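Two complexes are shown next, each including chain A; its partner changes from chain B in the first to chain C in the second.
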Partner chain A sequence: MSVKGLHKIIYPFAPDQSGAAAVLYELGGMIIICDAGGCAGNVCGFDEPRWLSTKSAVFSAGLRDMDAILGRDDLLIEKIKKASAKIDAKFVAVIGTPVPATIATDYKALKRMAEKRTGLPVITIDSNGVLWYDSGIEKTYLECFRKFTPEDTEKNIIPDSVGVIGVTPLDSESLSAGKRITETLTAGGSKRVICYGVGGSLEDFADAGRTEKNIVVAASGLKAARYLKERYGTPYECSDPLIGEVRAGLPLSTEDLYGKKILIIHQQVRANALRDTLRKETDDTGNAPDITVATWFIMDDEIAEEGDFRIREESDFFDHVSDGGWDIIIADGSFRKAAGDFGGRFIDLPHFAVSGHFADEESVRFYT
Partner chain B sequence: MLKLAIYGKGGIGKSTMTANLSAAFASLGKKVIQIGCDPKADSTINLLGGRAQQPVMEYIRDHGDDITSIDEISEIGYGDILCIETGGPTPGLGCAGRGIIATFNMLEELELFETVKPDVVMYDVLGDVVCGGFAAPIREGYAEHVLIVTSGEKMALYAANNICSAVENFADRGYADVAGIILNRRNIPGEEDKVKSFAAEKGLEIVGDIPRSDEINHFEEQGMTVIEGDPELPISRKFTELAEKLLELDR
Partner chain C sequence: MITEPYSITIKELNEAGADNIPPELVPATQLIYSSPATLAFNSPGATGFGVKRAGLAVPGSVMLLVAPGCCGRNTKLLSEIPGYEDRFFFLLMDESDIVNGDHLARVPEAVKEVVEYLDEKPSAVMICATCVDALLGTDWDRVCRKAETLSGVPVRPCYMYALTREGRKPPMVLVRKAIYSLLEPAKRDPRTVNIMGYFSSLTDDCELYDLLMQAGVRKINEISRCRDFEDYRGMSRANFNIILNHEARTAADDIAGRLGIPYLELTRLYQIDKIANQYSAFAGSIGAEFDDSEYRKHAEKAVADFREKYGSISIAVGEMLNANAFELALSLVKYGFRVPEIYSNVSREDYVYIRHLAEISPETRLFTNLSPTMLFYDCSRAEADLTLGKDAEYYHPDCPNVPWNEEKQPFGYSGVTRLFEKMTEALA
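Right after this comes the complex of A and B.
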């Protein structure tokens, strides 16, 4: 019997509260993980590689049994008020976890009360710890743009500017991803590159309505990009500026690809970009590989090809690997064990949200 | 869009008031959604010809929570009223309040209001505000006004007072306000004075005065509201007048 959601071999992935915190980590706010303590520990200790190198005000709400039973939201508001007096925070973010999800905490009310008490802008993210990291990222980008991007009545577009949505350590192979994306896009002619949430500040969001275009590097950024397009008319495209170096790091020659049936498992935008790159290499050979993209995370129809699929359960993964007839699987190394007796080639493509620190050493070896 | 939540002591007639008001709104040409928020799931029964619809929680138990369409969890009743019952867990288990929240989140994901574009949404809530889940219908984005159903009986007024206190406690949360009291008469001695006195103490208006009526019971036996049964009856006109008055809240 299979139990829905149970992983027996594959690691549990980063949950949605970690995704939410990852977007906010460098923005100079006070991040409150609304939990008893364990979720904040998970965010900082496992899912946030910047914790050891970059300062950020991440707190646990420290909810206790009776706080949950009695619904003592006012105590949390008092804690936030006290902390905000000691910290020069630009905003407050309250990030949900399973505890408030279970007792149905009213985030709109928390936001209203916290803004009144602190005088700071407050955002709340109704993550619940049950969904994966990409859901938290998706909600948080959207909330940040809604809250911090003002109406641009003058349509004063910043020339040669580009916004990049979706850069977080959870989807990146290293902490320098934001810097390298900026360098790549700058070398391509962009004069102002904003990687929202990475290497920048909250003020970047204020300019989001004035950028020429947005690049979405992870599917979790698509909803925010669509919002910006609808509200400000900013066009967007899905691409991965770092795909060249990702491809270069794969131990696969062009000849290795000929006529092969390949499965790429990652977040959808990176997997798509890699598929496009591998196809281009073999375009003129008449022996192009048959490449399918799969993801455990957001599978957006707009950028999916026929045959692409979402993996929802560990048993799905086993079935797809054993029944797919693949010659090559390109995926995070942590899936290698779950692939069991897969007889083809398994090529590592690190994904921090999947393997966390287990992938660190592999990542370093892979990209340097 | 007029969004009302009906609260009051258990057994005081909330579902009867709600269903008749929904029917009255519908008879005035309004598109109405009625959401029963009581685990008993009997709010909409008299809009559906006496048939109990499958509550959302039960549907989830049977089919899982991967609901993609409002049609899966709703039924269309008298006057094209879209009926939903949140239902609850197996009696004695789980968390009913959490079930209400989960249903509301699901309705939001299904974009209920955007899709149906109702003129009036009625939330028929379990007797009292016993926990966060039962306050969900008056959270920001849901009902904007609370109507409290009471008779002149002591315990009904006690419950009404509790509901007023709960709403007062939510003042800094941006929750709904109490728009008034519906007096559902039980014909006890001094009933009108007692309710008037309570309303005055709370600074509330008695927006509706519904006399005790055998016709209500008569038509409920047939699985319908008095509005559906005979819209020309004096009791039906009471509900229609109240509906017209409540529509003023949305202007």
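Right after this comes the complex of A and C.
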């Protein structure tokens, strides 16, 4: 039995504050990582591949020990006010980290004070650096739709429009994923495609209540999709428009799948989509593979099959890999080492939030 | 709405004085822009030798990062550097740990499990602690003692407390102390000297090695050149320590107190005349004489050759490099080049250079990498023929650049020579 929380091989994944920043990065706001500096460094220097190519007002709150110990929220508000006078921001977002989580920062108060002092809409995300990126994405989408999609939206649906929730670099195989999703859906007949958070703007959120339907491409988008369905009646489906490309990139023939026991580890929607694709290939053969989906991230019951599971500890991963009797494991390559003496085939399915690498190595890093 | 980045001329900065640095240049008064240099400067674990990598300077050591997952995220990048692949381990906190400190009870067991997991027993386990424990007031010495008892290997804390960056003992000061804390008293050897301050060695061609040999020194230790833990322990035999970075003073004081090894301090400079003065004073202080004439000639020739070939070009200077940005800018101006812009944080200590720079290049403008207004920086605002520093390259992406941030550390005349060689290569 391993010590709880001990990781000997698997490196920590993108944290929730990175997920939050990923949704907000292109929306034209002032994004304040409520930290001492290290968390902002991680967001910009590692988890945000757009940082080198696309400028965004991502700032560190620059908290110091006495700011935290004495709870100097007023000082932070003053800093935000000063910056908002210099930056033409559409909104302010304060993203939490372990520091405010440890001192129990009152985000509601922070939000009220900041709105009053800056005159700008303010959202706060109570990320804490302990949870993984999907939690931050989930909270941020929800907060954005709540804040920026008008309450009084009329049922004036935009024909053939589709909203895509869950596209961030952290869940994508390439920086161009948003563009390619748009192209794919447009080719399929959609006249207006909005990938919330990628290649769009804050104004997209204003039209969210008028969209004909939503596509959820990562499980972290599900809560927001449910909110939009409940609030505006917008139907949603979980699917991965790029799964055809993803499948084509795997070094697995249809014959390789026959009768095999396969484990797919990724975020749930992509893993599900890949499972469906592989099953369809083998449907008529009478020799279909037995495919299980696992994830370190959100495992939503609505889209899970019996036997799918969530991995919470590194020791769980070791146990599942060694005891599962898998013939093939499809997962980010950084899990290969942790798979130890797994004797089957390990197929690499990149996941930026895990390894910090894209499939096409578009990832541009400053720290190289 | 302001659409210009904040900047100030060196003349204005000098006139304001060290006691009256404009608030726009003081980190505590503003949000901090995530520029490249900020990430290096503001985040003690982010790049180069931050706390994580520095803590592993002890040969054969491994590191257990005890933190929320976010603090270990970019460690993935460090693990891709040869020599660091299997040296990082993580004890991840959960949501209750960050409030009630329950993770501390798991640290000794976690250290033991890591030690048992490794094929070879590590020389030490360095515990990398983060902001959460800074706020919880964790007594790491006590936790490490328990872990040491349970695991049977030395365990030492490395404080990656970004919250204390502007405190009396910031993370990069304390980590320097940590990596020498495993040295124990030993019989001194009058012909052995330690060079401290950097986590990697000086460049092989640095004249300091030869000058020390001229003074009768026979063994020169640097932590990064220690082949193994035994070699590292040999640093205890040094007659004196030379510190090349002021952030090593606390470590040197600690060694002086515990092991009785005195130290002296040298500064990295790019002004050739000042380098000569410093060596002369150094030689005098240890009762020796140095012949540095050949090295000096080389450096002077490198500068002269470059000057002759390229004339008085404009060079923008950043702070993300192996130099003090102000001292480097001062050197360049003294050599006959123009320095239109400097991108740097500023401290009281920099005024020793700022004063001189104000006399000979008053219109040089200082931009601070920290300011949110740097979002508006437009490279067309100032002409630069060459940039020095990786941050300067970020602001002038199309301009020839010398990053000058190699791991092997430049120092003295050879540093000047090498810099001008690199500048020549960049413009070729």
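To be clear about the criterion, the second predicted complex is superposed on the first by the 353 of 368 C-alpha atoms of A that agree within 3 Å, B and C clash if a C-alpha of one lies under 4 Å from a C-alpha of the other, contacts with A are read in each partner's own complex, and residues count from 1 in each chain.
Note that a residue touches a chain if its C-beta (ideal position, glycine included) is under 8 Å from a C-beta of that chain, and two chains touch if they have at least 3 such contacts.
What you are looking at is a predicted structure, and each value in this text was computed from that prediction instead of being measured.
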Touched partner set for A:G324, first chain B, second chain C, both or neither: neither
Contacts of A:I103 with chain B and chain C, given as first, second, both or neither: both
Touched partner set for A:F59, first chain B, second chain C, both or neither: second
Touching partner for A:D47 - first (chain B), second (chain C), both, neither: second
Touched partner set for A:R112, first chain B, second chain C, both or neither: first
Partner chain(s) touched by A:G344 [first = chain B, second = chain C, both, neither]: neither
Partner chain in contact with A:P121 - chain B first, chain C second, else both or neither: neither
Contacts of A:G71 with chain B and chain C, given as first, second, both or neither: first
Of chain C and chain B, partner touching more chain A residues: C
Doubly contacted residues of chain A, that is, touched by chain B and again by chain C: 102-104
Of chain A, residues touching chain C in the complex: 2-8, 11-18, 32, 35-47, 51, 55, 57-65, 68-69, 79-80, 82-83, 85-88, 97-99, 101-104, 128-132, 334, 355-356, 365-367
Residue ranges of chain C touching chain A (in the complex, touch as defined): 1-2, 27-34, 36, 38-39, 42-47, 67-77, 79, 88-95, 97-99, 103, 106, 109-110, 113-114, 117, 130-132, 134-136, 160-167, 372-373, 375, 390
Chain B - residues contacting chain A, complex: 95, 97-98, 101, 131-133, 135-136, 139-141, 170, 172-175
Footprint of chain B on chain A - complex, ascending: 71, 102-106, 108-109, 112-113, 116
